[in-house]
Structures are given as C-alpha cells and as structure tokens.
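Following are the structures in question.
Each of the two complexes below includes chain A, the first together with chain B, the second together with chain C.
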Partner chain A sequence: MSKLLIKEKEIVIPGEKIAEGMDFLPSTGTFREGESIYANKLGLVELKNHITKVVSLKGYYMPKRGDTVIGIINYIGYSGWDVNIGAPYDASLPVGEAVKERVDLLRGDMSRYFNLGDVIIANVFNVTKSKIIKLSMRDYSLKKLNGGRVIKISPSKVPRLIGKSGSMVGMIKEYTKCDINIGQNGFIWINGPIEGQYLIEKAVNLIEEKAHTSGLTDRVKQMLEEGVKNE
Partner chain B sequence: MSERPDGRKFDEMRDIEAKVGVIKKANGSAMFRIGKTIAIAGVYGPKEVHPKHMEDPEKAIMKCYYNMYSFSVPERKRPGPDRRSIEIGMVMKNALLPVVNLKEYPRTAIEVFVNIIQADAGTRCAAISAASMALADAGISMKDMVSSVAVGHVNNEVVVDLNKEEEDVEGTTDMPMAYAPRMNKITLLQLDGKISKEKLKKAISLGMKSCKKVYEIQKKALKEKYSNNGE
Partner chain C sequence: MTVDVKNFRRYVIELSKKNKRADGRALLDYRKPIKIEYGISKNAEGSASVTIGKTNVVCGVKMEIGTPYPDRPDEGTMIVSGEFAAIASPNFEPGAPKENAIELARIVDRGIRESGAIDVKKLCITEGEKAWIVFIDIYIQNHDGNLIDAAALAAIAALSNAKFPKINENGTVDYHEHTEPLPIVQKPIACTINKIDGKLFVDSTADEEQVFDGRLTVTSNEEGIINAMQKGGREGFTEEELNKSVEIALEKAKELRKYL
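Our next item is the complex of A and B:
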C-alpha cells in the first residue's frame, strides 16, 4: 500500500518521511530507505507523477552537465581560465573551448580574450565525480558580456525568476528597459538605464524572499508599476 | 518524593526556544536556548578547503568549532580556544558526522561554529542541537536531524536536562547524549560519574524520549522560518 504523507509544496526537514511504499520514486533531495522515502534537505516537496523531489531553499549551486551559467573570470592560467560560477569550486575554461581562432600560447597574452573580472556566459560541458567542472563556449549565444553588472539570486529560485516560458523575466525586461541574462547558477547579468537596474534589483530581492508563495508575478508586476511611476 | 532544585519533574526539561536564521552572513544559522543555556550556531560552506592538503577528493571534510564567550559563565572565562573547547568541538563533529551526507560535496569543507553566549550546564547538548538546525538551514544534505539532551543521576534519581545547580551536587552523574530520531541511533553518549546498569538503561531510554521532544521543537522552528514570511 503506497501513500503520500506530505502534500505538495509543503516544507520538509532532513529525515522527514515523504511517502510510504514502492510506488513512489526518489529523486534529487530525497532517498529511499526500506520501503519509505525520506527528505534529504530542508525544502519544498515537488511531485511529478510518482517521482518525489525536494527543492532546497538555500545552498550553493551544484553544477550539472548542460547548464548555461554566468561566470566571472577569477584566474588566468597558461592555457585557460578559472571561472567563478557560484559553486564551491571554480570551473575551468580551456582556450580551445573559448576562442574560435588559433592561439599561440607561447606568445599570446590570455587577457586579450578574457581578463580578470570579465563576465562570460558559458555552458557546463562536463562535471566529474570529484566535481571538476569544465566549461565550454562553443555556441553562438555563449559569449563575453560587456559592461553591465552581476547580481545574485539563490539558484533554486531561478525558475521562478524566469517564469513560465519566460513570462516573469519578459515582464521585467519590458518595464525596466534593461538587458537581462540569467544563468542557471543564480548569477544575473544586467545592463541598461540605472533606474531600471535598481528596479531589477528590487524585483530580484522580492522574488528571493517570496519565491515559495503563489501570485508572485502579480506582486512583482505591482512593484514594477509603482517603481516606473515614481521615476 | 523530593523535587528537583528548580521544581521540575524528573522527566521534565527546561523550557526550550529554537530559532533559525539568526546570522545573516552565514549559509545557515540557528539559536538554541534550553533554560539559561544559549547556543548560537553558524554553518559556512561547502567551500574550498584550506589548507589544501586536507582536501578529500571523495567527500567533504567537516570542521566543528565550539567556543564559550568569556562572559557566558559567572566567573570570567579566559577567552580563546582551550583544551575543553577543542575536545567539545571534536565531540560535536563525531555526533553530527553520521547524519551528514559528506559524499555529495567532494573537495569541500563544511565549517560549523558554535558560540555559547550563556552557560548553565548542558552546553554541548545545546551546541549539537543548534548545529544540526544550522546545517539543515544551510541546505546541506543530511540523512536525519540530531537532537541532544543531557540525562543524569542526581540524589539517587534519574533526571533529564541537569542545570548547573544539580550538576554541582556531590556524586552527580552527567550523561550528555545525542540522538538521531529517524535512524534511531545514538550518536553521542558520554558518561561523567558512576551509574548502575539498571539506572543507565533507564537514563538512556529517558534521554531518547526527551530527544524526540527536542526534535519536535527543532522541526517546528525550521518549518516556521519559511512559512512565516510566506503568509
């Protein structure tokens, strides 16, 4: 007999029983012991068919293969860069994955391409078991982001910031007339009028605080409308 | 039957207050008060390991620091780490290790700092309870929570949660214990004094019962933090 003990969107703490029986499957943030499924982390329960998942409310970004992330160059090496992507580990970006032209490593000055503090948008190419992260920029949309600045949100709240098929971020763009790039790692690159940037920051803070409540889009919309009026 | 110095029943703990998210800059934090004993825990990480040679490519390492402030006791304590606090740090680490999934964070360090701002016996138990809540608040993957309370043998009676007055009675036996309720495992059991076999069994079962009560308070505190601002 399988049954669910916790409703969807409810908060669970580590070790709390979510479901009983073999009809449910564990996924990220949950694990099975015996016949029951328990939570691994503090977070919200999500259910998809019979797969249980706990989305944590806090914590560092844990890179996954295929994620598009925004990173800040942290270190220039002999044949590549180390990039801060908000994970506990720096990711490495080799020259071959970043620059299209042929680079003579002996003569080339690597900071020609990316200098310390530059913001890039890249793809997580590989993550090994001991969390060695390789980035790649072999795609037309992956590039260096010039100007602007980076603000942060916790990675678990990125889906709320983007909204259903980009509704939330689309709305924010419309009101603030700013460029926004959101990485899966919770880094947000913004550029545009300073009032708009200020509004985005306020909106991001609001989402960060109220991400687990319903009617978030309306609340953000209201805030943006007020902000635009006050200008 | 004679009562305890502060009028409690033999199986009655002092009043407990638990709060999560008390330190802004920490990844996770918690305050745990039992009677007059107050512990504040902060968790930082997972982050890079320093010194580098302590790094483990397969799992995270955990560091626990226990510190008692100089004003926490009636007579000023010499500030800084001493033999006792280093030992309690180790004891805390051993009590928490069985529940933390260190394998999820290879090559990192998780640092737990606990400060005692007011001490009235049972500080290591308060420290462990607070640390466990702070770890959960930091979004760190755990198999279970750890709840902790001291039991003892005072004036020929098995009692729970001794205060300083009871601890100082001649011939008192003090037994701090930590317990993971879901796994039904005792992760810490120390014994200071003498106790008979029967009384020991009684004390352990009383401790486990009390730890379950502590667990409920920890659970409530963790859940409250996220439902409060959710409306």
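Our next item is the complex of A and C:
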C-alpha cells in the first residue's frame, strides 16, 4: 500500500523518507531505494501527480536549454565572450549568435559590441554533458541592457518573485516605477529612480527570506506601501 | 557579494548624495547591534567574538614563556597574526596568509603596541631570562566588510578577557589554571573610514568595499590620542578629508568603546 509520509511544502533533509510504495515516482532531488522514496538534498517537497520532487532552498543556478538569463560580460575572447550567469561555469557567447552584422575578427574591436561588465539578456542555447554552456541572442527581446544595475536572488525563488502570471513583479513595478528584467538564473536587472531601486532591493530580500511562507504578496505589498510613503 | 560591480558603484554614489546607503543606513552609521562575546574558547587564555552585521571575527590569546629580546631584558612581547578562513568569503582561499591578512594583523598589532595597551614590563618573569610572549590570533569567520574594526575590537576584547596561566614550582606552565588578569592599561579602538567619490563612510559592507576609492584606519585610545593610522586603496585623501576622517574616527571610537 502506497503512503505519503511528508506533506507538500515541508522541509526534508538528505536521506529522509518521503513516500512508501511504488505508486510514487522519484524525480529531481529524490531517489528510490527498495520500495521507498528518499530525499537526496535539503529542500522543500513538491508533489505533482504522484511525482515527488525536492526543490533546494538555496544553491547555484544550473542552466537548462531554453532558459532566458541575464549575464555580465566577464571576458572578451577572439571570437566571442565569456558571460557570468551565476552558474558554476561561465557561459560562452559566440560572436555569430550575438551580432547581426558581419564582423571582421582580425580587425574588429570586440569591445565595441559588448565590453567587460556590460549586462546582457540572452537565451541558453545549449548545455553539453561536460557543462559547456552556449548562449544565443537571436531574438528581438535579447539585447544589451544599458544603465541600471543587477541584483541577485536565489534561482529557486525566481517563481515566487514573478508570482502567478507575473502578479508579484507587476505589483513591484507599479509601486517603484522601475524597469525590471528577471533572468531564470536569479539575476535581476533593475533601472529607474534611485528610491525605486532601493525599494526593489528591499522587496527582493524580503521574498528571499520569506519565500516559503504564505501571504507573501500581502507582506510585500505592505512593505512597498510603507516605502513609498516614507519617500 | 554583488556581481555587477560597475553599476553598483554608480548606485552607491547616487544614494550617498541623499545620505543613504544600500542597506538603509546613513553614511556615518555602524551596523547595529555590535555584539561582543567573551570567553568563547576554553583552551585559550582569553578569547572574544565580535559580530558587526554579518561580519564575524574571533580572536584568541595564548601565552608562552620565552626569552626577552636582548635590548629589552625586562619586557615581555606580543605577536599578532591574522587568518582569513576560506569559509568566510568566496574570495578567500586556503593556504598561507595573503597580503590582506598580513595587513590586517599589522594594523591591529600597531594599535595595541603603540598605545601601550599591555603593560609589557609586567610580562617579565625573570629579567633577561624569562618573559611571557602573548600570541593574539585573529580568525575571520564571516566576511561582510569592515574586518579591521571588528578584528581590532576582538583583539582588545580578548586581551581584557585573558588571564595569566599558573606557573608550577618546577618552572612548567599549567594551562588549566589561571591566576590574575593580564595588565591591560589602554583600550585602543580602530575605526575605518572609506571614501567613495569624495564621500566618507564608516563600517562598509563587503559590497561597498568592492567599489571604494580609499580607506583610512585611525586607532585611538580613551583620551582621544591617535595611536596608529593606516591608509589603503588606490585614491588619496585631501587634507580636508583627512581632518574630517580623524574627527569622525575619534567620535565613532567613543561609540564603539561602549560595547566593550
């Protein structure tokens, strides 16, 4: 007889038994031994149609194909750039995927397009088994982001920051009058009035701390209202 | 640690025009509360842990009997060493102390030595033959900026917590029993002032330390006499800025002294 031992959204530690019986299936963060399913990392349990999953509370960003990420140019190479996307490995952006015009590599100055410290929004084009990450910018929405600055949030908390169909980020935008661009990798690019930027950082820190609690939207709303009043 | 150093600097400068910081403090505010715990290590003769914001520094005092220097036969001596544990920050690596750790230890050392914090004459046991050597070891447990102030505070807290180990009749030292406290006559306090785009800050976070132009540490004693100074960073201080920095440092030292 199959039985679930842990409720959804509960914290588990590695080796903790999540479910008994063959009706449940393991996925990321869980494994099967005998007839039971155990957690293999610290995090929150998620359930979807008998598939068990453990989402870590914190951690590095692991790139997946198709993710839209925000990155910072780390290195200028001969025919491309290395980009810091908050993953354990730098991603590479070849010149052909980034620039529409023809570039003469022998004479062209690569920093003309992207210089060190520039912020870009790009797509994860491919991730190989040996973790070579290739980025692509072949879309009208993928571009260099001028001005503003980048702040960070845990990648596992990005869904909470965006909210249901963008409700949370929409609310933050409304109160702070800032532009926000969120990458799947937990890098957030913000631009706008300085007071707004300051408020966003506070809101992001609040979400980071309280992401696992309910009534998060109300709490953030209250904080933003107070922040706007104090300005 | 901020990833976007270039734009963060611009943000800090913008905010500083409104007397504000990225974490909500005013320019001349220390993070609160500053916590000092005494006697955290039972094997050390004296120890203390200082927490300023997320920065945590532990200091231990160990004592040993050695021979005094020939030119100062009636004085004991002290040695300060600093270690940046790799767990404290992604930028620290294990291995022999690097330049930053050596600089930190020397600033703390100079403050204690030049203020005459320890009455070194009382560390002498037999003139010319035996004297106490005081080892002050500083360990950075977590790095969120302002390590110098925290380390100096931890060092003086640990020293005032320290007690002499007992000397047996046959001359050996019994580290399990302690007698009287160490002769601490002065309590020097270090205050570091950072400069970003002509604005002066105290108690910078690790993020702010990535973008500052210059840094000046002023160590002063209870009477407001300056014992030591250390300048770091790539940009200089003008005469006006220097005078202002000293003024701030003396003021802030009074505030920090209350926590001891």
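Simple rule for what comes next: the second predicted complex is superposed on the first by the 231 of 231 C-alpha atoms of A that agree within 3 Å, B and C clash if a C-alpha of one lies under 4 Å from a C-alpha of the other, contacts with A are read in each partner's own complex, and residues count from 1 in each chain.
We adopt the following convention: a residue touches a chain if its C-beta (ideal position, glycine included) is under 8 Å from a C-beta of that chain, and two chains touch if they have at least 3 such contacts.
Remember, it's a predicted structure, so these values are computed and weren't measured experimentally.
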Which partner reaches more residues of chain A (counting touched residues only), chain B or chain C: B
First (chain B), second (chain C), both or neither touched by A:Val150: second
First (chain B), second (chain C), both or neither touched by A:Ile180: neither
Touched partner set for A:Val119, first chain B, second chain C, both or neither: second
Partner chain in contact with A:Ile72 - chain B first, chain C second, else both or neither: second
Which superposed partner A:Ile194 touches (first chain B, second chain C, both, neither): second
Touching partner for A:Asn84 - first (chain B), second (chain C), both, neither: second
Chain A contact footprint on chain B (complex, rising order): 27-28, 45-48, 57-58, 99, 101, 105-108, 136-145, 180-183, 218-219, 222-223, 226-227, 229-231
Complex contacts: residues of chain A adjacent to chain C: 72, 84, 86, 117, 119, 147-152, 187, 194, 197-198, 201-202
Chain B-facing residues of chain A, complex: 11, 13-17, 29, 31, 38, 40-43, 56-60, 88-89, 129-131, 209-210, 212-213
Of all residues in chain C, those that touch chain A in their complex: 2-8, 10-11, 14-15, 18, 20, 22, 24
